[in-house]
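There are two complexes below, and they share chain A, which is joined by chain B in the first and by chain C in the second.
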Partner chain A sequence: MTTLLGSVSSRLRRPVGRKGLAPALLLVPATLILIAIIGWPLLQLVIVSFQQFGRAQVFGQAAPFVGFDNYTRVLGDPQFWQVLARSFLFCIVNVVVTMSLGTLVALLMTRLNKFFRTLVSVGLLLAWAMPALTAVIIWGWLFDTQFGVVNYLLSQVTGIDFTGHSWLIDPISFFAVAGVIITWQSVPFVAFTIYAGLTQVPDEVMEAAQLDGAGAVQRFRLIVFPYLKSIFLVVTILQVIWDLRVFTQIFALQGIGGIREQTSTLGVYIYQTSLGTGDYGAGGAIAVIMVIIMLAISIFYVRQTIKEEAL
Partner chain B sequence: MSAIAATATRTVARDRAVAAVDTRAIAMKRRGRGRGIRTGISAAVIVLWCLAPFYWMIVTAFRDVGYTYDTAFWPTHVTFDNFTTAFSTQLGNHLGKALLNSLFIGVCVTAIALIIGIFAAYALARLDFRFKGILLGVILGASMFPGVALITPLFQLFTNIGWMGSYQALILPSISFVLPLTVYTLTSFFREMPWDLEEAARIDGCTQAQAFRKIILPLAAPAVFTTAILAFISSWNEYLISSQLSSDATQPVTVAIASFAGSQPHQEPYTTVMAAGTIVTIPLVILVLIFQRRIVAGLTAGGVKG
Partner chain C sequence: MRKLSLVALGAATMLALAGCASGGSAASGSSTPEAGSIRVWLNGTDTPQAARDYLKTTFEKQNPGSTLTVEEQSWTGLVDKLTTSLSGSDSPDVVEVGNTQAAAFTSAGAFEDLTSKLQELGGSDLLPGFVAAGTYDGKFYAAPYYSGARLVFYKKDLLAASGLSVPTTLDQYVSNGVTLAAANPGVSGIYFPGQDWYNALPYIWENGGEIATDDNGTWKAGFESAGAIAGLKQVQQVMEKASVAPKDGNETDPQVPFCAGTVAQVSAPSWVKGSILAAADAKAPGCPDQTANLGVYALPGKNGGAAQVFAGGSNIAIAAKSAHPDLAYSALKIMLGTDYQTILGKTGLVPALKSLSSTLGTDDVAKATAEAAANAKLTPASPKWADVEAAGILQDFFVKIGQGGDVTALATDVDSKINAILNG
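Showing the complex of A and B:
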């Protein structure tokens, strides 16, 4: 009897507990592609970062190894540190703004009826889905120096003539415009994720707190936030990663107007050093440094996610 | 007797409590009306904020090129000419071809990433094996990679094997960017599947593969479809890698748009660019309008964007 039961239960459990080749075979294609497209280039990048690698080497000349030369050159360059500081500062401001706005939008969505909620979420999704480059071109047109509708509106509202005011020449103003474009596209994801989390907070708990006299702010701080802590953590880390590696928006805005030396962030700086000036060795070194920074941040995210998945 | 009295008092007490709650509810509703108006205004502001750039893009796209700098907020001097210009190849642009390219690349990327992703997600959600956590970690970590760091090595790799400017040089990187999102979203969807049914099918004599194909996959179809939409959008919007690895013949729409913007130095053809932008955005608008709920579900399930 026991053996029979035992055999049945072991048969039931077998597919889940099977140790054989099945998982390996199923995961081979995904792993192969990631190795080919991300692993291999990463290895090349690391190698190049230890070589003297210029335009000549791209066309097949041998690249001599120079040890840590590229790294000492990059780390000794004040411009690198400026770019790094600028990237982090821009990233932090963006993340704070995106998270705050996203949370507010999510809280608002819980108060809307179905029709308005659908309307808001369609609007958010459209902003989210637009290709980043198209978004930059449109916003660039809105903020155009001569004929931009923003300058026109400001002139009408304030009575001061804004025609001819350039939004992209001054670095601070450049990053304000870039920040507007980036948050425009990243608030939706934050709002949807936090809204999904908010719907998980039990109504009874919220009602009980309300009956006990907790105000809206208190309810958010004492009940909602603890419930959604892990969601906030994961979303914040994702935003940090996305905003730190931002490329298209800055690159395209620089193309519209804006001074490259004063507005480059890490991604654009790598591009300029490698493909712009042809110093692939230094570009590789900066890229490796950036990858290390990203990995350090990603580890938080990955650990948090795996912990939640409770594998 | 006393029991009945006790019940009666309890009922009265409860009624009183209910009445108290009622008055509170009425008070809240009264306060709620003011709040309702504020909520409505906030919602309107958000929708306006999200859609204003779209609106201005469309207004400019339909405006006669001679009135490009007209600042009237409503559509004036409406014309289709800009769309004709956008599709014409006289400026050296190939928007029509680029649209087909993006569609082709998007479909290939989505199909391949889904097939590979389903395999991987099945293993991660259903099977137990060593290093599972590490593997999921590596896949998630791959999605965090700065794409710009990959340009130069990929450029060299594809030049060496003669793939530069080919479709596969655009499709393969795109798959690797989409794959982490696909695997993760599918894994979280697959976890929710009724796996008892698969076991039942196995007891009835199906192999594990059959049980998955005939029982689980049909049930998972909505989840797979949702993931497909996300993968397609992500592939459609890819710009950085394509801008470096594509040729005139294979360039996707995002790259085509960029070449529009710079086609005439010192005189940006705004109306044409906006028409092109509208064309590129239309497929996304259609997807969003039809599959709004699914996209949101997929976004929040995965929590990973390309």
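Showing the complex of A and C:
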């Protein structure tokens, strides 16, 4: 590392005609680190996905190559397609809810006075800062079948006896609970980012529109949204990526209740296939497919970022 | 932001590399083990605190300069956790593993070969079923640690109030449960959370069913056999009519609903007695006021006598990647020693050494344990069985049974899944 930095600095001291090389050299350390901590595991993953790799191989036995065998097994398994469809559906619902709530909270923050804005910010920060596993366990207690406060309150308020109602046994209800937990933790990021963007919309333009008789919805649609279009796009893409690869929340909730087979999403399914059933080859194949999907989505993100930097 | 995270990544890489460099010193094969610190993984709260303290003090006295740390692991997800940690560079030294999970690791080469130490550890005095569970391909890898039996704990006053006595057949046990649930709304006559597949097995075995049978090297799952279906229908009856436990709940901490007053009877491992009667100010409080009211009996079989129950228990092994195998063996020897096993026996766990079975005492738990253990049965002896457990197939299956699903269709479905894993 030191020799590398040394050679970079010595080149920088001689600016004669070497301008083109310096930026590339400056990128070398970062690239090396990325290759070491992301590229290498990714390569291993791709290799494993073409091997017959079980628990014995984890402990050092040779792994034979089996070509596309793992891929054909995975793609021919109806459960994989169910999991994939479920993951996308859950992701879309989460992104829509998160983006709407986040935008509304951001708009609210522009209207609040300093005291309440600070209060809202602190509340959002706390939800954001809470480790996902802790959050799931506490939400799990709230929704507990036997002793949960949700069942207790619902029984008190509605007069219908909710004692013993399981919130996780029905897949739709399971995903509703999971969705609440995930949205609760993703709204802060969206709200803060969009709030930051909202402060950049020039007041004069908004005032002029108001004088011309534009209502609140029109002002948002015709002025605010176009100004913040790139922010919305980037945040949405990030949310799609994060919600598609959700793991902790689903995995921990499955430990509390529910039926694994009906509630697994991609991340959890990879874990169950690899570590649960000890079929690392198939698990690797699913993971590679997931990487490809993520890359396809990320390309939008990267293109958008480059476009912005070019402006 | 990006630059900051890059610096952080760089720092993390350096730390990781530094960590690798310092972990390379392995123990030598000399008679006095080089001093070091070892980690012992025990699961759940099964091993009593007295035994843990005894292990640490004795080990550190026998090996001056060395330290031993007991790290408690969760039974849930244990196979996954052991697979990752035993294959990594930061492997624990001594690990406890469920007897039905042992084969997954002995067959993969995750444990140190203990064949030459078998006699020294107890030889023929060790529980034979557990020696078999820890043996693979003629080599002995995982020693018996303790065995446990599932017993039925009940509230004497509730049974008396309904005019019931301790059942003598499985059918009577089920009908008692239904009667108790009907007489006490909001109370489980038999507490049976949906994921508790261990407690569902006796119903299947008593009705003549099997989980899976080995047919000349090919495993054939047996839930769709006529006997198993009859047992499954009985399970469904208990879950629907006798239990108000969560249909998708798991079997951990049965003392909580028991002490909250929503359980009349529960089938649980013998050491649960200690959890139920734990002092009110303990870390996991129980309800010691129930001491006189707490009754226990061995689950009755279909035709009387003790039912065939699941033979739970643990094996204990040394990780193949342990940095201090000699120290680890020293700890293992203490854990299979008379003093340590006596502590286990007094808590209600069946000791790994047959000669110590008298340490269980003569109270009603001990008597019920002896009865139940005499007729205990194991899960299929396939190295892939642990994968069936880890995949959660049986948990899902019994949750669906508890939901009131069609037993025959569910059994056919689960059989094809088990066949695929065992023969895959």
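Just so we're on the same page, the second predicted complex is superposed on the first by the 282 of 311 C-alpha atoms of A that agree within 3 Å, B and C clash if a C-alpha of one lies under 4 Å from a C-alpha of the other, contacts with A are read in each partner's own complex, and residues count from 1 in each chain.
In this text, contacts are C-beta pairs under 8 Å (C-beta built on N, C-alpha and C of every residue); 3 or more make two chains touch, one makes a residue touch a chain.
What you are looking at is a predicted structure, and each value in this text was computed from that prediction instead of being measured.
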| said: Applying the document's definition of touch, where does A:Gln44 land relative to chain B and chain C: first, second, both, or neither? | reply: first
| query | What is the contact status of A:Gln146 with respect to chain B (first) and chain C (second): first, second, both, or neither? | reply | both
| message | Quick check for you: in the superposed arrangement, does A:Arg55 touch first (chain B), second (chain C), both or neither? | response | second
| task | Based on the superposed arrangement, let me know which partner A:Gln272 touches: chain B (first), chain C (second), both, or neither? | result | second
| task | For A:Thr163, select first, second, both or neither according to whether it touches chain B, chain C, the two together, or no partner. | result | second
| Between chain B and chain C, which makes contact with more of the residues in chain A? | B
| Looking at the overlay, does A:Ala129 come into contact with chain B only (first), chain C only (second), both, or neither? | first
| Who does A:Pro29 touch here: chain B (first), chain C (second), both, or neither? | both
| Touch check for A:Leu112: first (chain B), second (chain C), both, or neither? | first
| task | Return first, second, both or neither, reflecting whether A:Glu261 touches chain B, chain C, both chains, or no partner chain. | result | second
| query | Across the two complexes, what residues of chain A are contacted by chain B and by chain C? | reply | 29-30, 33, 36-37, 58, 146-147, 255, 271, 275
| remark: Note: in the complex, chain A contacts chain B through residues 11-12, 15-19, 22-24, 26-27, 29-31, 33-34, 36-38, 40-42, 44-45, 48, 58, 105, 108, 111-112, 116, 118-127, 129-135, 137-139, 141-142, 146-147, 149, 152, 184, 188-189, 192-193, 195-196, 234-235, 238, 241-242, 245, 247-248, 252, 255-256, 266-268, 270-271, 274-275, 280, 283-284, 287-288, 290-291, 294-295, 297-299, 301-303, 305-306, 309, 311
| said: Touching residues of chain C toward chain A in the complex: what are they? | reply: 6, 9-10, 13, 76-77, 79-80, 83-84, 86-87, 104-105, 107-110, 186, 194, 244-250, 256-257, 260, 262, 320, 384, 387, 390-392, 395-396, 399-400, 403, 421, 424
| chain A - residues contacting chain C, complex | 29-30, 33, 36-37, 54-56, 58-61, 145-147, 163-164, 166, 168-169, 254-255, 257-261, 271-272, 275-279
| task | Within their complex, state which residues of chain B touch chain A. | result | 35, 39-40, 42-43, 46-47, 49-51, 53-54, 56-57, 60, 68-69, 71, 115-117, 119-120, 122-124, 126-129, 132-133, 135-142, 144-154, 156-157, 172-173, 175-176, 179-180, 183, 187-188, 198-199, 202-203, 208, 233, 236-237, 239-240, 244, 253-254, 257-258, 261-262, 270, 273-274, 277, 280-281, 284-285, 287-289, 292, 295-296, 299-300, 303-305
